[in-house]
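Before we start, here is the structure in question, set down as structure tokens.
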Amino acid sequence: MHSHTRKLLTVITEAALESTLVRDLDQLHAHGYTITDARGKGSRGTRNAGWEANGNIRIEVVCDTVTAVNITAYFQEHYYDDYAMILFVSDIEVLRPEKF
Amino acid sequence: MIDPIILFFLLGAVAGLLRSELRLPAAIYEFVSIVLLLAIGLKGGVELARQPFTSLLPQMLTVVAMGFGLTLLAFPVLRYLGRFKRTDAASIAAHYGSVSVGTYAVAVAYLGSQQVSFEEHMPLLLVLLEVPAILVGIVLARGISRQTRWKSIAHEVFLGKGIVLLLGGLLIGWVAGPDGLSSIEPLFVDLFKGILALFLLEMGLIMATQMGSLRRHGPFLVVFAIAMPLFSALVGTWLGWFLGLSIGGTTILATLAASASYIAVPAAMRISVPEANPTLSLAGALGITFPFNVLIGIPLYHALAVWAQTFAKG
Amino acid sequence: MIDPIILFFLLGAVAGLLRSELRLPAAIYEFVSIVLLLAIGLKGGVELARQPFTSLLPQMLTVVAMGFGLTLLAFPVLRYLGRFKRTDAASIAAHYGSVSVGTYAVAVAYLGSQQVSFEEHMPLLLVLLEVPAILVGIVLARGISRQTRWKSIAHEVFLGKGIVLLLGGLLIGWVAGPDGLSSIEPLFVDLFKGILALFLLEMGLIMATQMGSLRRHGPFLVVFAIAMPLFSALVGTWLGWFLGLSIGGTTILATLAASASYIAVPAAMRISVPEANPTLSLAGALGITFPFNVLIGIPLYHALAVWAQTFAKG
Amino acid sequence: MIDPIILFFLLGAVAGLLRSELRLPAAIYEFVSIVLLLAIGLKGGVELARQPFTSLLPQMLTVVAMGFGLTLLAFPVLRYLGRFKRTDAASIAAHYGSVSVGTYAVAVAYLGSQQVSFEEHMPLLLVLLEVPAILVGIVLARGISRQTRWKSIAHEVFLGKGIVLLLGGLLIGWVAGPDGLSSIEPLFVDLFKGILALFLLEMGLIMATQMGSLRRHGPFLVVFAIAMPLFSALVGTWLGWFLGLSIGGTTILATLAASASYIAVPAAMRISVPEANPTLSLAGALGITFPFNVLIGIPLYHALAVWAQTFAKG
Amino acid sequence: MHSHTRKLLTVITEAALESTLVRDLDQLHAHGYTITDARGKGSRGTRNAGWEANGNIRIEVVCDTVTAVNITAYFQEHYYDDYAMILFVSDIEVLRPEKF
Amino acid sequence: MHSHTRKLLTVITEAALESTLVRDLDQLHAHGYTITDARGKGSRGTRNAGWEANGNIRIEVVCDTVTAVNITAYFQEHYYDDYAMILFVSDIEVLRPEKF
């Protein structure tokens, strides 16, 4: 079993952005994504998911470094100012590198 | 006597303010609002089947004009008196130019328990009133530029959950007619007020979460969130009289005018005018205007309608 | 006149195809299906209490044979005419040899609004029909080998949500009898059609998501998904006549034969025949066969039953 | 004849023990319990409106004393006979000194189907009984020290979901009165038993998950979980007779005494006495005492009440 | 406070596999696992969790390297071909190494 | 684009602790947190989230090393003995270091 290094990009942001971001990810050449519902608190206050306008989502994208940089840059430019959003990247090992 | 559904709202508000552990799961909130939206639409649709569509055209046009007008009036007040940023003023104005389905439902329940009848096609006006304010809000925030992606805005506005369910309910009610719907009445008619009670319980809990941001945004917003509905209700009452609506119908129209959206407009603004701070409009619409209308406004607008009718006659 | 619950299905389908934001939370979908499954089981159980069990044995055996037979017939068509992989052909055949509870519920509602009565023990046949197709499908895909873990397959089949609730409802209805159940009727009887309306709204939304994969899998699947139910309905009608069922009962049996599973069978196949591509069967069963049956099939099978009865008599 | 809602409990239990795939989404469980809690509260509140509050004071005080007493009695048994750790003994004692709303609802349904009437203010006693056991349990576990954060404990106890909804329902029912509530009866009255059936289905599933930990904790817990309710029921029956309650009221009081909490107390203990192992109390309360009361206890306590009444008279 | 290195194995796959995988994990000597509900998109299409057959789960297992390799190999052999599934591994620090 | 290293602290524990831990995090100078609902199994048995007393939550905190150490130490002291809880830390890269 041979493993390869990739990036795991995690974005936590407002649920209202889901369909927009999913479209962006497709255009930025992410091969896939995973979304879970979340709640939380940050510099823009508490988002306790009690109702639709107030929920967060947590998006994970496994990808190569270039794609991670591209997505990060794009999201930073388009969403950081106006939306509750954080973004971080970590190193992971995957088995089938051709997938990501 | 106070309607018990109002008591559910108060229960939610008190529980929320005391930081109780009580929470309704988000799925329940959605279930309850889906049933309410469909029920309101269905009821209106059945009524539409009964009357010639063209006879409603004057009312429809007037109401759309009211939606445009109230938004355009609210904007300069917020921008110059309230000193809000352009985008914030535009967004808040859109919330107040549009309508709140929850407030509408409470008004319907109120008139029901007072045994005041009203024109049953009101849900049609409700749907119509949701839209113009959103368009005006976007134009006020952005100007009319080539860049505005009207196609995606139209998608956001007309295919949002609220409009689809209201409009869908209207069409189903219209096609099926009163007899066709009798088999689904136990859910959409008999349970209406019980489900509305649960909805208001949740609204009370949500309202309580808005108190914090309200404190942060200062007194102007509080004043606006009470003065604007009062003014809008006057406009609504006047238009109700102008259109020859019954006392009940005038009360509903005044309530629609006075209510501020917290479902359709926030969703649309978040995508189309992202620079606007959403907590401002929600603190006003949910933290002040909704409880004000539900607790004080609706009976007041009813009294106003009675007075207008008497005044008009005599 | 079109039944309003069908309109809910259309509303969901249109909203889904227009990519509306409307979604029902998964928890609501589960709630609605749990109530429907229990309600169907309870109703059948009450009826079972009324008649000697042995008198139903011929019907039960015939229906099980039909389940085996339809699956065995569908397989070679899919394998040799449709040129599907062995496992895919087996899996699709199992879906069509089994039944759809949602379609059954629509047929019941349809007959109700047409005031056509039917043998009330049909839910028993519904439960029986779920199972044989799954077993045949697995054997067709795998052959009968020592390796097949029949114990875990039996667990998967008999302890899936659908069968447990239907069978549980049947037993409860049987033990409690009509009087015992009167206290829970407001939920399981009065609300039945309203809840079915919500279920169909969701089914419309889900159907719309299948359109993409349908396009990818080409025309054979589309043709099969209409031709197979038509053929199965003929078989069902013939068996209904053979068993001496009423017009209503014959219509139901034809509908059961014509319907394709999208709950029990997909779940069982996913675990027992994982090599089969699940999107194929779902695209057929949900994207074509379900709407076909609901919109066109059921009235057609009713007409067929009337015709068969007349033909048999005269 | 067996009440069908009990059959739903058995269905859930059997499905759970056979490891069926059947699960109710957590949101549905919460929805169902919210409606039940509100419904119980509302019904009691309506009745409170009918009678002078002071006439109830003796009953209220007695019941609070019973809550203190039963917990104090259970503790040494668990500590010295059962050889539980101090904190575990205190926590289990608190569960048995408090009440189970689900058991109460089943008792109400049972009396309803037996057409036995009872004092309608019982929900008030239900609320009162929830609290004292929790306080005693905490003191037994911790002693009375300066460190005990009573403020946060009070918050935990009085603002938990259960108490807020029961108390809120009571107040709403009290303010609105019987006429005011008629519009929400279709949800909170007509659907009560149907929703209780779903609740019991879920309780059966949950009970089944407790069997594993029950086996691990040995026979003493099993014996205690049956003996304690029997003893408490005797106390409750005696107090019912002492307070001059009707047969129905005595049955309910005995059931309240015999039932063990599995919502309010676990939540409070988890925060206030975290060293106590929560699986012990839940295995007892949910795995043994709840099914025992529901299947055997309630009819037994009814018989006891009848006997006590006859004995007292003659 | 002394920390130790372990592996965090994350599996994203079809919800229908939950009970099967949980049984596997027990047999492969995982000392625990955590599951969250998810939706997503990958090479096998969009899985939007609108209904039961169409939801994903996200399983996390904290374990030592050997266990991580074993689980990865087992899952790869048994599920990769027939199920929507991705799997990745990252390095984490834990406090009580005896637990994992 | 310039990125900075931070810690991602993940806590998996009983849902009943949510409001307590959120208060703790504020006091321990976390600038934010994200919570998702979870279920799982560990040394304290299966927690399948079938009902309220039996659910888990998964808390993520992005923070600097000192804060991560503080939170870990505090949670270990106050909750490890009495609650189902695990905790692990990994390295991540973030864009706006001043936020965390």
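Think of it as A, B, C, D, E and F in the order they're written, each chain with its own count starting at 1.
One rule holds in what follows: a contact is a pair of C-beta atoms (placed from the backbone, for glycine too) under 8 Å apart; a residue touches a chain by one contact, two chains touch by 3 or more.
Chain-to-protein mapping (UniProt): A, E, F = Transcriptional regulator; B, C, D = Sodium-dependent bicarbonate transport family permease.
What you are looking at is a predicted structure, and each value in this text was computed from that prediction instead of being measured.
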Joint neighbours of subunit F (Transcriptional regulator) and subunit C, given as chain labels: D, E
Relative to subunit F (Transcriptional regulator), chain with the most remote C-alpha centre: C
Label of the chain whose CA centroid is most distant from the centroid of subunit D: A
Fitted rotation between subunit A (Transcriptional regulator) and its twin subunit E (Transcriptional regulator) in degrees, CA, nearest 5: 120
Averaged-CA centre spacing for the pair subunit F (Transcriptional regulator) and subunit D, given as whole angstrom: 34
Intercentroid distance (Cα basis), subunit F (Transcriptional regulator) paired with subunit A (Transcriptional regulator), Å: 19
Geometric centre distance via CA averages, subunit D-subunit C, whole Å: 41
Subunit F (Transcriptional regulator): positions in contact with at least two other chains: 36-37, 90-91
Numbers and ranges of subunit D residues touching at least 2 other chains: 21, 23-27, 30-31, 186, 190-191, 267
Contacting chain pairs - touch in the sense defined above: A-B, A-E, A-F, B-C, B-D, C-D, C-E, D-F, E-F
Contacting residues of subunit F (Transcriptional regulator) [partner subunit D, same complex]: 14, 16-17, 20, 45-46, 48-55, 79, 81-83
Partner subunit B, residues of subunit D touching it in the complex: 25-27, 30-31, 34-35, 155-156, 159-161, 164-165, 168, 171-172, 175-176, 180-181, 183-188, 190-191, 267
Complex interface listing, subunit B residues touching subunit A (Transcriptional regulator): 23-24, 26, 29-30, 202, 205-206, 209, 213, 262-263, 266-267, 270-271, 274-275, 278-279, 282
List of subunit E (Transcriptional regulator) residues in touch with subunit A (Transcriptional regulator) within their complex: 10, 12, 36-43, 56, 58, 69, 72-73, 76, 80, 86-91
Contacting residues of subunit E (Transcriptional regulator) [partner subunit F (Transcriptional regulator), same complex]: 1, 3, 6, 8, 22, 31-37, 62, 90-96, 99
